Amino acid sequence: MILWLVIDGKSRRVELPASFDASVGGTVECVVDGRVVVVDACVLQPGVMSLVMDGRQYRCVLDGDAVVIGGARYGVEVEDPRSLQGRRGSGVGAAGPRAVKAPMPGRVVRVLVVIGEDVTEQQGVVVIEAMKMQNELKSPKAGRVVRVAVVVGDTVGSGDVLVVVE
Amino acid sequence: MKKVLIANRGEIALRVIRACREMGLATVAVYSDVDRGALHVLHADEAYRLGPAPAAESYLRGDLILEIARQSGADAVHPGYGFLSENADFAEACVAAGVTFIGPPASAMRRLGSKTMARRAADEAGMPRVPGSVTGLESVEEAQQVAAGIGYPVMLKAAAGGGGKGMRAVLRPEDLAAAYVAASSEAERSFGSGEVYLEKLIERPRHIEIQLMADEYGGCVYLGERECSVQRRHQKVIEEAPSAVVSEELRRKMGEAAVRLALAAGYVNAGTVEFLVDEEQNFFFLEMNTRLQVEHPVSEMVTGLDLVQMQLRVAMGEPLQVQQEDVRLRGHAVECRIYAEDPENNFFPSPGKITRLVQPGGPGIREDCAVYEGWVVPLDYDPMLSKLIAYGETREVAIDRMLRALEEYVIRGIKTNISLFQRILRDEDFRAGRIDTGYLERLLAREPAKLEGIVSEDKVPEDVVAVVAALFAASAAKERTSIASVGQESRWAVAGRREGLRA
Amino acid sequence: MKKVLIANRGEIALRVIRACREMGLATVAVYSDVDRGALHVLHADEAYRLGPAPAAESYLRGDLILEIARQSGADAVHPGYGFLSENADFAEACVAAGVTFIGPPASAMRRLGSKTMARRAADEAGMPRVPGSVTGLESVEEAQQVAAGIGYPVMLKAAAGGGGKGMRAVLRPEDLAAAYVAASSEAERSFGSGEVYLEKLIERPRHIEIQLMADEYGGCVYLGERECSVQRRHQKVIEEAPSAVVSEELRRKMGEAAVRLALAAGYVNAGTVEFLVDEEQNFFFLEMNTRLQVEHPVSEMVTGLDLVQMQLRVAMGEPLQVQQEDVRLRGHAVECRIYAEDPENNFFPSPGKITRLVQPGGPGIREDCAVYEGWVVPLDYDPMLSKLIAYGETREVAIDRMLRALEEYVIRGIKTNISLFQRILRDEDFRAGRIDTGYLERLLAREPAKLEGIVSEDKVPEDVVAVVAALFAASAAKERTSIASVGQESRWAVAGRREGLRA
Amino acid sequence: MILWLVIDGKSRRVELPASFDASVGGTVECVVDGRVVVVDACVLQPGVMSLVMDGRQYRCVLDGDAVVIGGARYGVEVEDPRSLQGRRGSGVGAAGPRAVKAPMPGRVVRVLVVIGEDVTEQQGVVVIEAMKMQNELKSPKAGRVVRVAVVVGDTVGSGDVLVVVE
């Protein structure tokens, strides 16, 4: 199995033997960017692993899109070459429609705009609350509100679109 | 007292339930809809639904709570902290319903609950306080007069305040008028009362508080101090006992002043008198909290006493079994409030499902925790997941032990502020005890925050990181059955599987 | 000292690793094949394989361990307890290899390791001991002579003994000859030495021991006593500090005698002097353990000291930072040794996979644990899973707190002795402190053992049991994907599914 | 779904609504031996449940063939009528062949008999060891050893047949 990874912004290629079952672990010879690396991996629980390389022991925990090793956190992306194309094309300029997204999960406590309303840059559009913390979300640009995706009382997830300004 | 209803949730509800169980008291839990699977419910003998998630429809419904007490035959209510714990009307309603309120009498709560009234009580008890007004300011003119009298900089504060709301620092006379209006209207909005008062701004103050316990017979002891100077937005983040700067002499002076205040107000049960301490070790009365506090465990560690069991015994009408001379402090304790929030992203709250939980243990570690693997942290309440407490012979040992425990701690699925604690506990100023209430904001304002505190001494080789990431990705790909359980990793799994087709 | 190799496994290896981490020392773990996924490995900075599972091929291989120390650059070895911890040859080999052995010098270990030699050392130090021989018995005739001198009943003991092997109580003269032959040959088989000695049998003795810590400069303090009278087959089951019956005066006498013995033998580092105490509070030297003991945490809880950190500092050549007058005992601590064994089936060992683990927490609870959910407890080593320690202001509080914690504790997949502790801690005699080394065997011999200790006050209604069982069975049937993970429940699941077809 | 259970020796019949998902929980009306019982079940983790009935809260943990409720342990068998028949017929007298089974998991450290050897009742036949505890297993009857299923060093599970005596 060959994996292309981006770790803290740096691309890496890791090759694992096809016969190796990573969910069980054991001693394995990997090829990292062309170099042979021998490690002993032991899976304690799904997402918790002890890795020994050259006698050094690393306690490794999978955490969402990151791995935590000995207290330090490393952001990891698993690259899929087919999706890269799409990602490159996804950049949008200040000219197009811009969405106001929820930066955290929460409940909508106030909606400050209506469809068709003109807003200025940094004008508050929606207030969401979670864990006793209120957050007023602001328009990223001046323009007209073309969509209001939520009403008061809605529960939203992190990244959900709340309002679109064009 | 036979059966105690715990009118709270989270770690403090579990804390009280544990004390009741140890004393052979039956327990009644109450819960909102999102808390049916919470640990405080799981550990109670009885459990009753209050209502929907919002606190106003559940944990703040004193009427429902007293109805459940009646129905279940509970003869006492422990309010914990927050929610109804400082609500004098609720305390009174308990008494009227024939149920013991485990806390001070409503009269003492009222007398000490308003900051302006408490300041007058402090004066009567001969306790030093920050210079300034002891009644609400009637007008901007009165504010200007008082400020001129004590000298700038000054601080405007809401009489009914808390949590930093309705507060404004005023450095120059010309800013006072605007600040007065702003503070007063914020106080009106937040607490329903626009009453503000004014006091001298103490520069670089330390927040140090005295824990008290009083019985019904005029017995009252102080159980040492706690220092809570590490704050963010006026919220305590790390607490410790004893303070790194309080001498035996200062402790005695502050303790005796606190006891005088409590006795003068007819105070009974656990309470805390908060002080500001300036750089010359002058102490000034700040306010009194008429309830058990979040940070009570650090006092328990250094005194060897159980404050909740003491609360229960006092509420049963027993006299204190501890005299002041029996209170012996030993060692040092530090507490970290583990929150569901993201220190790398504006401290935004991070409710959600805990997919992996590995808790620290071993010597000197106590954890008051109310979450478990699989628990969905609700977005309706404060973000506290757990209180981690480390004890050691010295402050240094306690700090290093806490660092060890934080390194062991794994909480996955949601973000936590564990890395913030690692940063603070490794910071030279904190380790040297050079802290004041502005310390943490200054630390956070400092630049490349990210690596300073988080990385352990030895850097992990890049190849190790790559191999570990690859193994986790490959494992997610192969263990198709476990994708559901690892949740967040599904993106990896999908990518990994695609790769698998090519390998 | 920069890097410590921990020549052990299980909770004690993790305990030592934690202390090293707190002090900034790097750690090297060693492991046998079945321990690759053990927690002591997961928490170490470095880890090296020793060999196959059997201890003789792994944790007892001093040669391999020193080779790994050399290879990894470890400059000290902590032996924990058991395995090589009382092996003077290994201690010597460490020194020869230029590696600090964290424990006493080999000479002191030899002097106090043999029971007959230790008895002579005790005489020299003016310490009371059980009357009897101080040299090995040459013949049955000599045994008869000594026994006649001290009077029956007497006890035959192996000089190299431990764990109850090579021991015989002799109540009448006519039984002595046969017992002598049996004890001697058992000793020969177990320890490679048939040397036995004879002492007076103390009736209903309490096992009480003194914890010592000595530095290289003649400094030596005693850190209070521990009572370990609750034993099964001469193995400690529950330990506590302080003892319910030791007065300040007795503590001082035993402590000073223990210190005299240690100083006379040139002892350095942690050690324990064990005594028998009779009903008249006479104390008799039993033996000295020249290492850290399993039950050291109860001493840590009541003294507030960290014995492993003290061991490390002494081994670094530091003088003790604690004088005798600084040692202040506070409160009471109880320890339960949680074992993988089945108290309802002859205490048979119960190795295997832990399918569910819910650990207790909160005030006054410490756990030194080396297992986790998913860990396969190997069948090759002793059955200890964890040490649970409860602290309280009084013995009663500590006991009730331990009961609360045991109730919270869930270990599934293997059997444990948790119910045994619940039985003991609820027993009136234990609660009143009426214990001696025969106490537990008497309790176990008592009739309807099963319900006495295990059921809580309120009986669970039969309908609740039926519904709960039905829900679990139905859940296992529906969650087909989880069958693999619940392991033992598969039989239920299969039955449940069959039912499901009919429903 | 109808379940027939034997709890501490007593037979019970429990009927759950077909639509109820016991792995999720919720409020449910069950019929226990003909009586209607309403409970509120909440599954915290697989095998860990909070059950509330009439206000009383029970912490319930599944443990192999038992449930632990509030510290008390109840042995449970899920009855399958088809298997009862077989179970009734499985009793064997002292006359037939008798197996010596491992009472605990362990490693075989000594085999004291060979095939064809005559043994007396209570004669030791195999010694197994686990966790530093040795256990000499004895013949349940006098007879001849017809099978020795293990050799020294074998790892055996609880209940495994070690030796058969006829």
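For reference, chains read A, B, C and D in written order, and residue numbers begin at 1 within each chain.
Here is the rule we use: a residue touches a chain if its C-beta (ideal position, glycine included) is under 8 Å from a C-beta of that chain, and two chains touch if they have at least 3 such contacts.
Computed from a predicted structure; not experimentally measured.
Common neighbours of chain A and chain C, listed by label, are B. Chain A and chain B have Cα centroids lying 31 Å from one another.
Centre-to-centre spacing of chain A and chain D amounts to 47 Å, using the average Cα coordinate of each chain.
Chain B and chain C have CA centres that are 38 Å apart.
The set of chain C residues that touch two or more partner chains comprises 43, 45, 358, 372, 407, 458. Looking at chain A, one finds that residues 43, 45, 56 touch two or more other chains. Interface note: chains touch in the pairs A-B, A-C, B-C, B-D, C-D. On chain C, the positions that touch chain D within their shared complex are 340-342, 345-346, 348-352, 355-356, 358, 379-383, 407, 410, 412-413, 419, 422, 454-456, 458, 460-475, 477-479, 482, 485-486, 488-489, 491-492, 495-496, 498-500, 502-503. Within the complex, the chain B residues that touch chain C are 14-15, 18-19, 21-24, 43, 45, 297, 300, 304-306, 308-309, 328, 330-331, 358-359, 361-369, 372, 391-393, 397, 400-401, 403-404, 407-408, 458, 481, 484. On the chain B side of its complex with chain D, the touching residues are 29, 36-37, 41-48, 71-72, 372-375. Across the complex, chain A meets chain B through its residues 1-5, 7, 10, 12, 14-16, 18, 20-23, 25, 30, 32-33, 35, 37, 39, 41, 43, 45-49, 51, 53, 56, 58, 60-65, 67-74, 76, 78-80, 82, 103-107, 130-133, 135, 155. The residues of chain D lying in touch with chain B in their complex are 40, 42-45, 50, 52, 55-57, 59.
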